[in-house]
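Two complexes, one shared chain (chain A), two partners (chain B, chain C).
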Partner chain A sequence: MSIGLPDSTVGVEDHPASAEPVRDSAVPHGKSPTRIAMDRLRKDKVAVVCAAVVLFFILIAIFAPLLAKLEGADIGTFHPELVDEYGFPTFVANAEHWFGVEPKTGRDNFARWVYGARPSLIVAFVATAVGTLVGVVMGLLAGFIGGWVDRVISWVVDFVLSLPYLLFAIAMVPIVESVRGGSFNLSPDEQASTRFFVLIFVLSFFGWAGLARIIRGEVLSLREREFVLAAKAIGVPTRQVLFKELLPNLVAPIVISASLSLPAYVTAEAGLSFLGVGLIEPIPSWGQTIATATNWFKADPIYLWLPVLGITALVLALALLGDAVRDAFDPKTRR
Partner chain B sequence: MLYFVARRLVSALSVVLVTLIVTFALFFVAPTDPAASICGDRNCTTERYNEIKENLHLDRPKVQQFAEYTVGIFAGRTFETSGVKQECNAPCLGFSFKNDRPVTDMLKDRLPVTVSLVAGYAVMVLTIGVFVGSMAAKRRGTLGDRALMSSTLILSSVPYYIVALMISLYLTILYPILPRGGYTPLTDNPGAWFAGLLTPWLVLGIYNCTQYARYSRGSMVETLSEDYIRTARAKGLSDRVVTYKHALRSGMIPVITIFGLDIAGSLAGAIFTERIFDLPGLGNLVLESLNNYDLPVIMGTVLVASIILVAMNFLVDVAYSLIDPRVRLS
Partner chain C sequence: MQWKRITAVAVTVMLAVAACGSPSSNNSSGSGNTGDAGTAQEKALDPTLKGPAPEVEGAKKGGTVTVLSDVTPDTFDPTNTYFVDGNQIEKLVFRALTQYKLDEKTQKPTLVPDLAEDLGTKSADGLTWTFKLKQGIKYMDGTPVKAEDYAYAIKRSFAHDLYDAGPTYQTQFFKDGEKYKGPYASGDNYAGVETPDGSTLIIHLAKKFDDLPFYAAFPLFTPIPKAKDTKKQYDLKPMATGPYQVASYTPGTELKLSKNPNWDPNTDPVRHQYPDAWNFKFGQDTLKVQRQVLASSGPDANALNYSDLDSSLIPEVKDKSQIITGGQPCTYVWGLDTRKIPMEVRKLIAQAYPFDTWRKVAGLSPQSAIPASTILPPAVPGYKKYELEGLTGKGKGADDPAVASEIKSKLKDLGKENFELSWYYSNDDKIATQVNQLRTQVMTAAGFKVKAIGVPKAKIRTMRNDPSAPVNIGQGPSGWCSDWPSGTSWYAVLFRSDAVELSNSIGMLQDKKLDAEIDRVGALTPDEQLKEWMKVDEMILKDYLPAIPLYYTASYYPVGKNLGHVVNDPTQGLPEFTSMYLKQP
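Presenting the complex of A and B:
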């Protein structure tokens, strides 16, 4: 870290984020709060299992094309010869189609399932990243600068938090589609990609406010602490005080909030797709498959159960992992 | 106290006002063309297009449209569709593009469904949720408590719509153990009304009971360790009186706060339940309107839901400041 004033930076440089006494590097260091939390997490069996499940789904999403190729099928090919005249698949599963085919179209279930993991994870991770970034910056600004900046940001936070988020998410779809020329004029690909970005936008738009409020509160108390006063006194620019002095102290709330919002976003993405306002064809998505599969659930249970199990396992693992992360970073929540 | 209420009221009103402006801007000022989407693309003649524009007053300046809309909410307005005048009474939220009916009337038709759903839900979470939570708090640390708490954690981590959908498909359709969801007005046939809503209530209630059980447990654990509880026990009061008369009363304050906001949120968020159990409530109205690009209906619903949420927020804040004077200072 260089802050421009070489003489006065010695102490600050060694300990950018804490007011702990200076230690020699030869003496064993105390663990940082993040290290302690990670150690706790590693000992938590539930957390390890859940992390493995999440990793499993991430790998599936990354290697989706490879897995589909391994099976010898793809997501788009119609197989009308594999469904009877009423649209029911003629078989349950075979060597070419491990989990059978879709009713009516005869597309391969397994390929669509592995590809379906992609949008869920991408939407959730991107929305979390954007929401966290905006939330942290807004919270830092509101808490540190104070005055009218704080009042404006706090008001916006209250405003966003008091909106009915599900209804707004639903309302955004027709608005954005008609901005782009109405659903009649969009090709299915254009419409699908529009929906994809609308989803990410809506989720991050409603996701940042909660975190911003938490960060603001933390910053309000941190900014009165000695190390911040010291940094200000020696003339460290505001930007560096914010990001190099304050931010490292906010790791715990940020990590907790991000890990709790991931399962919420996976749930929201699939839920909106289930309602028909999220992802649409040709992007394969679990939520949308569930909506279609409910019409066939007696004749073709695998078609329904594949995405249901996918979402349930992924969300459950992410949620329990998020809970474990919170317990690890904030031992007070353990009772 | 008066100052606090006034300040909160101003901020609540400002949120409502901005919501009104933002929704209006989103739906009518953004480069959207409602007339084109109503008219459809294939067989839309210019005449028909212009007629729609004129009827909906879309040809007027945006600011004037907004003023008319806002005035309509308080004073009502009149629309003229090809020579026929239609009255839209006081809380007028515009006319539906598709049904040629005032949005307010459509919302009024659907509101009883959603209200019935939420009312039954409220009864369930407040009785079962709170009861389970306080039982767990009393037996804190025992095997039963831990089993209960981890099972609620797992159940509440599964997405709600998955639970609801699976129960609807397997327990009401394939193996009809529970009555199928549906709506009959209470005044028509109370029995059918109850039967149709029973499964949605159970699903919505039991799923959300898990959260209420956790809140109430946390709050009760705290309350049960207070000094006055020990005093009550020392006086020789029975365990039941101590738990349910002394502790439960103050232990429920935070739970009631969450309850207030949750009920307002459920009115807006019952979409999944309504869709899965086929209940013609507000949420289903929005989904139907979405397929028709019926923007005034969606906008009206969003607006009404926002107002309900803000109003509940305000009431909870005021009620809380009555109970706990410290809130007023912050």
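Presenting the complex of A and C:
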């Protein structure tokens, strides 16, 4: 799993896990909540299967060039000889083109499919990582320092949450393009990459605020707890209190938030690309392919099914995994 | 690459062609798998044809025909209409001085009188045209049509600032055409039209315009009573003279027509009044409505769509009779800026063009796009097929590595290695981006350097129309359609020097010799022109190569199963609405 769990051992060992049941003497004393959660996850069959599926897609994305090379095709070459005069592929699949070819252009479906996993995963993971990082820091600061810092951050959070995210995603592209020198001076690849980074930025920008609010609430209740007061009383520096005392207790909400936002971002990327405001050619993406393939569904179903299956499996696996992670971290579900 | 607009003849100031419209068009003769762009229209006239039009065999009266259109005509004001679909729909409502009658078997159009008694009489010097008007014509409210109404309609068309989309030949050819600014700005006194009595309309010209009877078929020549002119609101409640009147019009969405009780079939040699009503719905989703029409279930059996069938829907065609085919007088080209690209390089670009691959990637089916080897399409009289090497509209071009390396070495010999080609493409249109990738790949393989500039679809026409655009390929119109069956509506508009300034130029040619040749042929009699235009055509492609001819268009659109007598009108490339009926009303 590469959700980027915080280091689960730092400063956690000495905390008695709350409501820890009577433990066997053989079990090491003071198992951390994270450790307990991980143990439970490992026993959860659904979680393991889902983790495997996610891992599978990550490997596909990482080794996309290798896989395409293995097949002997690439994403950009047109093969007009493989489609008939009306644009329909002349075959379903063969040894050179494992998943057939795209209607009209004759580009290789398999290569475009494996490359299509990349933007979905990169956008989702980067946006989640950035959103989580910013959200946690902002939430910690607002909750712990309080006063005007809290008021400013809370105001910014409210402000961000009130912005229309779809409008933002659409409007950002021309703005960034003009900053990069205007669409006149950008090659098609540069225009496509602009879209890519704008998408990541928009998703991260709108992702952090919700988490910051949750973290702030948690910190507000935690900072009055004895261990924090004690740490402050003996003069532990603020940074250490924040990151050594408070953060470990926030692992659960953070992990849950991250695990829920991952599938949401995968869907968001595909949805925006489907609508034509996300990624554009020449970057291959599943959302775009679905948009085109719906027209060809009757004649060439595999062209539509591939990206649909990819997105469905990935989102389902990430969502179930997120559920399992939440269950594992939630003391109330302990059996 | 889409248009639904008739384009201008001669030197008119108008925004160029390739307007919004349906995708490419097709034409298939039943089982054949390649279309043809139609046979040449004869420039036929029949000044004596009288109404009523002979009944269509088996036609029934009654019912409502629904037209589900993905494109939206922007206006139904007769003065402001220049797009072929608006033009064609308005034939149901407005009668002009002349009109086309289609041959029952071959669909060949013949120009026949409409509201005029004949096709006009020309004075000896060719500068005065007299039209005798039919008497007893009434508007839909029963008020009689007066000769002044014709004159007013013509004067109204000079208010080009208000009716900026309409055709503008009158400003070029009519007397005082450049000075007179329409009845709103310049008053009713205009020397170009005259109505000496209630049955005569006289038009004075500034220069010879022998195609005037053809121009008189445009809806702008329908009578408009001055008292009823509501300027820009006129299309909401226009004065109908045709078999139907406007029941309601919601701009951009819907147009409903009902029967005009005061239309007299005995005066009209072409139109019929079979259905009770028409219902046009605009701005529909292309694929959705084409599927609906093909399936023809329930009310969809009475519907039709006049855009060419999307190639992905071709396997869904079960009944060939649901597809209407026929010619369209249009050619698409890829313009090469002759000012910026040397002739030798232009030839190499033409050699490198990947016609076959491009056609597939652009989604043009064999019916929709017939490979072009000339500028003039076969549907225009005078067309004679010729093929120059490398300009056949077919072939792999530099998609073939051998050809690519050959071109590369030739470029090197010319000292033009990495010659930069630049063009605009719509970056928010999927097909356009794929076509751009293909062109970029192929031209790069052939040793050119490519700079493709992605711009939004909404802006691309304006940017291409700018003669000083910083690109050297694809400026100006991306294609052209005939306004009427004559080569005069092609060469003088597209390739004369002054076309550059009017943003109509394809290839930005400014060549004195060519101008002289075009003027020479333009001054010949129509019959002599027929033979000469094709020589000009060949000379342009051979000696100047201002554009690569890509394809001729042809009609290929789906209609519901309950519609009878749907024929393609080759003058517009659209269904002929006025003789259609419902088999089971």
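The rule is short, and it goes like this: the second predicted complex is superposed on the first by the 296 of 335 C-alpha atoms of A that agree within 3 Å, B and C clash if a C-alpha of one lies under 4 Å from a C-alpha of the other, contacts with A are read in each partner's own complex, and residues count from 1 in each chain.
Everything that follows uses one rule, which is that contacts are C-beta pairs under 8 Å (C-beta built on N, C-alpha and C of every residue); 3 or more make two chains touch, one makes a residue touch a chain.
Keep in mind the model is a prediction, meaning the values are calculated, not measured.
*Asks:* Pick one for A:Gly276: touches chain B only (first), chain C only (second), both, or neither.
*Replies:* A:Gly276: touches chain B and chain C.
*Asks:* Should A:Pro263 be classified as contacting the first partner (chain B), the second (chain C), both, or neither?
*Replies:* Touch status of A:Pro263: first partner only.
*Asks:* When the two structures are overlaid on chain A, which partner does A:Ile175 contact: first (chain B), second (chain C), both, or neither?
*Replies:* first
*Asks:* What is the contact status of A:Leu316 with respect to chain B (first) and chain C (second): first, second, both, or neither?
*Replies:* In the superposed model, A:Leu316 contacts chain B only, not chain C.
*Asks:* May I ask you to decide whether A:Lys298 touches chain B, chain C, both, or neither, giving the answer as first, second, both or neither?
*Replies:* both
*Asks:* Please indicate which partner A:Pro103 is in contact with in the superposed arrangement: first for chain B, second for chain C, both, or neither.
*Replies:* It touches chain C, and chain B stays clear.
*Asks:* Have a look and say if chain B or chain C is in touch with more residues of chain A.
*Replies:* When the residues of chain A touched by each partner are counted, B comes out ahead.
*Asks:* Using the superposition on chain A as set up above, list the residues of chain A that contact both chain B and chain C.
*Replies:* Shared contact residues on chain A (touching chain B in one complex, chain C in the other): 183-184, 276, 298.
*Asks:* Provide the residue numbers of chain C that touch chain A in the complex, in ascending order.
*Replies:* The touching residues are 33, 287, 310-312, 314-316, 354, 356-357, 359-361, 363, 365-366, 399, 427-428, 430, 433-434, 436-438, 440-441, 451-455, 470.
*Asks:* Give every residue of chain B touching chain A within the complex, in rising order.
*Replies:* Touch residues, chain B against chain A: 11, 14-15, 18-19, 23, 26-27, 30-34, 36-37, 40-42, 153-154, 157-162, 165-166, 169, 174, 218, 221, 265, 268-269, 271-272, 275, 286-287, 290-291, 293, 295, 298-299, 301-302, 305-306, 309-310, 313.
*Asks:* Applying the document's contact rule, which stretches of chain A touch chain C when the two form their complex?
*Replies:* It comes out as residues 76-78, 80, 83, 85-88, 103-106, 183-184, 186-188, 191, 276, 280-282, 288, 291-292, 295-296, 298-299.
*Asks:* In the complex, go through chain A and note every residue touching chain B.
*Replies:* 155, 158-159, 162-164, 166-168, 170-175, 178-179, 182-185, 263, 267, 270-271, 274-277, 290, 294, 297-298, 304, 308, 311-312, 315-316, 319-320, 323, 335
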